[in-house]
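Letters are used for the chains, namely A, B, C and D, taken in the order the chains are written, and counting of residues starts over at 1 for each.
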Amino acid sequence: MRDPAALRHPAMDDLLSFPAQVQRWLDVEAALARACAAAGLVEAAQAEAVARACHVDLIDLHALDEAAATAATPVIPLLRQLTAAVPREARAAVHFGATSQDILDTALVLFLRDGLRVLVEELLGAGDRCAELAQDHRGTVMAGRTLLQPAVPVTFGLKAARWLAALARQLERLYGLGFHVQLGGAAGTLAAYGERGLEVTMRLAEELDLDVPALPWHAERDLLQEIAATLALVAGTCATMGHELVLLAQAEVGEVTDAGAGGSSAMPHKRNPVDATFAVAAGRSAAAAAAAVLTGDLHEHERSAGAWQAEWATVPRLVESTVVAAARARRALEGCRVDGARMRANLEEAGDQLAAEPLAVALVADLGREEAHALVAELAARAAATGAGLLDLAGETPAVSAVLTGEQLERLRDPRAHLGVTDALIDRALDRWHRVAVG
Amino acid sequence: MRDPAALRHPAMDDLLSFPAQVQRWLDVEAALARACAAAGLVEAAQAEAVARACHVDLIDLHALDEAAATAATPVIPLLRQLTAAVPREARAAVHFGATSQDILDTALVLFLRDGLRVLVEELLGAGDRCAELAQDHRGTVMAGRTLLQPAVPVTFGLKAARWLAALARQLERLYGLGFHVQLGGAAGTLAAYGERGLEVTMRLAEELDLDVPALPWHAERDLLQEIAATLALVAGTCATMGHELVLLAQAEVGEVTDAGAGGSSAMPHKRNPVDATFAVAAGRSAAAAAAAVLTGDLHEHERSAGAWQAEWATVPRLVESTVVAAARARRALEGCRVDGARMRANLEEAGDQLAAEPLAVALVADLGREEAHALVAELAARAAATGAGLLDLAGETPAVSAVLTGEQLERLRDPRAHLGVTDALIDRALDRWHRVAVG
Amino acid sequence: MRDPAALRHPAMDDLLSFPAQVQRWLDVEAALARACAAAGLVEAAQAEAVARACHVDLIDLHALDEAAATAATPVIPLLRQLTAAVPREARAAVHFGATSQDILDTALVLFLRDGLRVLVEELLGAGDRCAELAQDHRGTVMAGRTLLQPAVPVTFGLKAARWLAALARQLERLYGLGFHVQLGGAAGTLAAYGERGLEVTMRLAEELDLDVPALPWHAERDLLQEIAATLALVAGTCATMGHELVLLAQAEVGEVTDAGAGGSSAMPHKRNPVDATFAVAAGRSAAAAAAAVLTGDLHEHERSAGAWQAEWATVPRLVESTVVAAARARRALEGCRVDGARMRANLEEAGDQLAAEPLAVALVADLGREEAHALVAELAARAAATGAGLLDLAGETPAVSAVLTGEQLERLRDPRAHLGVTDALIDRALDRWHRVAVG
Amino acid sequence: MRDPAALRHPAMDDLLSFPAQVQRWLDVEAALARACAAAGLVEAAQAEAVARACHVDLIDLHALDEAAATAATPVIPLLRQLTAAVPREARAAVHFGATSQDILDTALVLFLRDGLRVLVEELLGAGDRCAELAQDHRGTVMAGRTLLQPAVPVTFGLKAARWLAALARQLERLYGLGFHVQLGGAAGTLAAYGERGLEVTMRLAEELDLDVPALPWHAERDLLQEIAATLALVAGTCATMGHELVLLAQAEVGEVTDAGAGGSSAMPHKRNPVDATFAVAAGRSAAAAAAAVLTGDLHEHERSAGAWQAEWATVPRLVESTVVAAARARRALEGCRVDGARMRANLEEAGDQLAAEPLAVALVADLGREEAHALVAELAARAAATGAGLLDLAGETPAVSAVLTGEQLERLRDPRAHLGVTDALIDRALDRWHRVAVG
């Protein structure tokens, strides 16, 4: 089945089309032929003849798909077609010394590299927007919320800076990933190449601009799992941003709105946070797919019977879902309008209850921790019950007024006075982003 | 992306094609119009006019797919096209009182019902083959293996009977599942139907031959999760059978071979257990997809922002993977040839070490449990170290010969004498299967 | 490690203590001895002597734990101690014909039955409170919310009724589960019992009041997975209720408050929805544990090397987490205070925008679906932009006033007039609950 | 509940005991007090008084556990006890400016660091043994197996080298992880420290020898998820080695045996691969726990209501399971005896069928790929059916004898002639290991 449109991405549609997949397999076959020629195992002319035949246009895709349904791997029927398309005298150079897994795994790595480029583009877009939001809303105070309850003041800029710092870490992880060629031959000894196995491996890697692993990794999948795990982390950040925007866009909160909000088939007035919603949906699907890769069956001996084949569908979809999550998070960020007035209003609605922590901090030196905490808790409860202001009640309380002047109490009213090192934190996030994103 | 051919199923390709999906949405719209007419909310002629327009041939699928990419749901752009295809005077009957989720969820249930029919067919085929194997190999002795080490004799018929019993339980679970219509309107009150909401629900269920839930289930997904969980169980049984066949087909074990074994792109001699392998691969992917459904985000309020949308792709794929696992397991079972001689030979190779448990049982009444166990363990270790027979050594051991005659010891050599109630167990499995499979 | 206190449950602490675990193993040994005696395989006096020794007080738990660290199963060292505690003449009746897995699996089933009883108690408490809320808040109107945006009016009673319907389904699932004895002997043939294997199985089941499976299930784990899956579903409902209460308790929403709200180490004013939070945390951990059971390794041959052993920790924890989720959800429900005035106020804040769907429904017969929807969407957008009332704007719009009288428009203002069959749905949920909960 | 003994590890029992957990919380409180003193926020004497009270011996653990059962976090009741243990004049320095999450998260990181040290030790042991096996069995030929069928010859040394390469990569990943202090105060602004928030953070990190993150990470969990994902990868390698040893230890394969093989409660002769089995069980549980962390709920706003609390139990257990998997894999490797003669015998049993790939490679230049492959496949099938040797049949086939001399055919019989660059690959793995393990 094809994914629903809302969970797809145009660039991934291209990369994941059947012709594109087959072309990648053929690209590896072509590169392998050349690598063998460079290593002196086949003739250059043979290799070029093979490479010339490695075009998806020469393949009967329908027949290939049909034959692949019952074959151990799709490379087996592909090779039949490919060999037929190669002049007889060059056929010895087809798939020389390789096994299907070499082709499928290496092509998967090519796909991963291409897919992660798309991902990086979307993340850069999302990050640039976060940087803008962090900068623009440095001083836009809002209620910090813990366990979804108003806690103390923060700024929207700081929230965006936290996302930005996470995105910077994700980019660094993505930049740090290796994309390793897989070439082992029938069972990982590269036997068909005689003494030249490592040379062919290196030349193949060179042809495809891939990394050379210490050893073939046909049965050790940690290199692949590392990529999967990284995508889970990336998807988590994208889904989190989406979810946060959904929460902030709640009508009762109203602190962000989605410029491109979507409709409903039943309710003409609805302004649904569609992009943020699909950032969550795609991001969570990506995390689940990554979990499937990490908990997949153990690979047996020199090639698995089940674990490997399960990766064929799971890994591409993991990339697709992560890219969609990133693209949707980016669009949600780009489309979001921040309502600073509403943030301020919500903060005021929470009232000076949010001064409870600074008030306790102000009292702690004189009253001691437990006493200060208990006193403020009691005042806060009384204030909540009676509708009175916490700081007003505090001012009338001898234990407080013995320690704090009225002026000091007044200062506690201003959320801007209780932002700590918010500005410095935002700067740290921006700095890091600029270093990473340029990189 | 489309799944690899080896992980697809023709009937699922049909059910999951985009036109088939859209037709199911339209089927629900048609049934809804008729249900509203039956409840007196729209005119019968209107409903029929709507129903006449509910054909995928009238839909521009490309435009629909494009519009769906940015819409909150694909039903929104579908309704634009559908309404345009309905005569003006009947348009009021389109999507009357419903919301997108009603259409998508109910259509998903229709898909589940169709998909599970395919699944049941494959399982019936697999089970019939297991029944045949259980019957035919009632007395085909082989080594039982625990922790992959020879334990005591069993028969291949008993192994097949255990699979059969599991398949019977799975079928009973599948037969016990309900397929519930979802109709709630904008937020689950069915408000647009006034007093007639329950009537419309029941009529819609009748039109589509679905069950009526106690309440709309737009935000409570346990009915769907129950189906997902059941599919995980089914997939587990299919993967287990596939895995077992892979293990038994190991060259060093060689107790089953796969008549339709597949080749390799590198090794001309390979006879790979391809069907069994893909039963494992698909079955494990299904379990992972089910886990994603069970651990998916919590649905919020009256419609979720993320959790619901993630189901759109995950649930259909779960069905697809389970059906593939069942079809592959069935083919692996149908294609497997049982090598009773090899089973016997492996049993003999393990030798009379497998008489250790019956020997200990025979001694326990006289020697006591720990002593009998310790004595036999010591004899077994000596036998393994020296290559002598365990029973020969036992015969030379006074503590044994004081208790068991030579004849009694000889009887321990025959695996057929140590099969307990194997026959009765096989009969129980066959009985249960015949009751369930007929049902 | 021991779970954090907030994620434990007193009854589960008892059931899961090491002495309790060992006692369950001994209970199975005692019952097995009696079953063997009843089947004439050992003498009654022997069986009684074994049963008398089956008390955890006679076991050196420290030594057992130490020996179990390197044994294949803890039953092996336990049997050494147990046998030593049995008079010599009765020792032959210890563990007669059984294997460790028989003891561990059957004891696990005993634990599951006990644990699920605790679970049912907590769910009954939660359901009774939901029933009360559904009844009491039948008419307490509030905003229905889809994608976390105001949709159309619902009542809090309906929301509670949806939870109640889910709880009723969960209880039915729990009531429907079987608890099956496992007895197979060394490899599932019950060989040591000769012809009496089935009789011993049935007598053992009788002793322990357990169900008799068609076949031993040592290697087919679907009976266990079915319980795990059911717990995942139950945990999902508990976590969903918790999450919903967290969302409704947001200060900006304020529709429920938690009477027993908890504090913060930093902020004296905080009233954190602690029970609801841990219902989410525990419920989600339970779902993850269930997923681990469903996606766990495939069991091989007659006893698995890895898959089975992984269940030893995962399954008990799954039960524990589910019970905690249920207990916390129950407490959160019992402690929640519903603020109907705030619900009404939030609804009014959303304003007559929530009349958009009924307005469109009212217009659709005359204007047609797309036109009515488009017109109302345009009016809603204008209303939102200008702060005007949607219905006021509608009244000034000729296309509307041509169809609806002012009185008809006025009626659209009243949320109570747009609750559809809410009352009937609540009754259905209450009915079902009363039938299930009594059962 | 406590894990079964077989799934625990002594060092983890110590690290995860309740007193050890509480002491880590107190260690963070002590370090925080000193950091605040260093930043001039409290007096040094106060800080030292706090630090002196930060000893678990001063805490009533039973009362703490009881209070923690209903508190939002265990730090809240801990602070009550701690404060009481601090002289009145120093109490203001207790928990200064921090929130519970700061303490719990930072303590978790301390635990992670300690736990990962244990893990590294076990992995170093496992790797050293792999290095030994790779070196010693460089030339020990055995059948390479793909899809669990004999493929072409490999050596056991190469298999061990592949594990070694994986272990080297895992160690590099572990060495590359950061252990970051978490300090944010009530909602991430560090407001209580005024301008000195970053200074306190850095001093706290210094006190505890932890890394300083760009920003507090209370709601962005990717740093934690990265560790979890890495543990999943490590656990996968450990489980894979265990599983491979289980497969190789199958009686019918018999290529390795476990010196410390364990017994059975039913079968005195059993030699179960116990360590390998528990490497699988623990490794797979670890992967499932990591998946739970990666797919856990999204953290909301400035502190989550559910997602965070679920980590409390899941993360420690993930570490525990991974350490157990590593320790068990190490013991399984240390205890395994390699039976080179049996490997050779199995290879000979597979016979010259394993020459199929080299034969096809030898023919391909002259016959072309498809023709060579088809011819050898036909010969291999004929050989299998008739029991004849593949190379004998080949020698009698004109199409072969026209290309290959009898001598050339004979050379194909020797598996040692078809090991390709096995030696070089082993060297690469050893090199890498020595560089990493020293590091």
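Please note the rule applied: contacts are C-beta pairs under 8 Å (C-beta built on N, C-alpha and C of every residue); 3 or more make two chains touch, one makes a residue touch a chain.
Just so you know, these numbers come straight off a predicted model, no measurement behind them.
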Checklist entry - Chains shared as neighbours by chain B and chain C? => result A, D
Checklist entry - Hey, which pair has more contacts between C-betas, A-B or A-D? => result A-D
Checklist entry - Between chain A and chain B, what is the separation of their C-alpha centroids in Å? => result 32
Checklist entry - How big is the gap, in whole Å, between where the Cα atoms of chain A centre and where those of chain D centre? => result 23
Item to check | Numbers and ranges of chain D residues touching at least 2 other chains | outcome: 72, 79, 95, 99, 145-148, 151-152, 185-186, 192, 239, 243, 246-247, 263-264, 266-267, 272-273, 277, 280, 284, 288, 291-292, 295, 297-298, 305, 357
Next on the checklist: Looking at the complex, which residues from chain D come into contact with chain C?
Outcome noted: 1-8, 12, 16-18, 65-66, 68-76, 79, 95, 98-100, 103, 185-186, 192, 239, 242-243, 246, 260, 262-267, 272-274, 276-282, 284-285, 288-289, 291-292, 295-297, 305-310, 312-314, 316-317, 320
Item to check | Interface residues, chain A side, partner chain D - complex | outcome: 72, 79-80, 83-84, 88, 91-92, 94-97, 99, 144-148, 151-154, 158, 161-163, 165-166, 168-170, 173, 185-198, 213-216, 219-223, 225-226, 229-230, 232-233, 236-237, 239-240, 243-244, 247, 280, 284, 287-288, 290-291, 294-295, 298-305, 357-358, 361, 364-366, 368-370, 418-422, 424-425, 428-429, 432
Next on the checklist: Touching residues of chain C toward chain A in the complex: what are they?
Outcome noted: 143, 145-152, 246-247, 249-253, 263-264, 266-273, 277, 292, 295, 297-298, 346, 349-350, 353-354, 356-357, 359-360, 373-377, 379-381, 384, 390
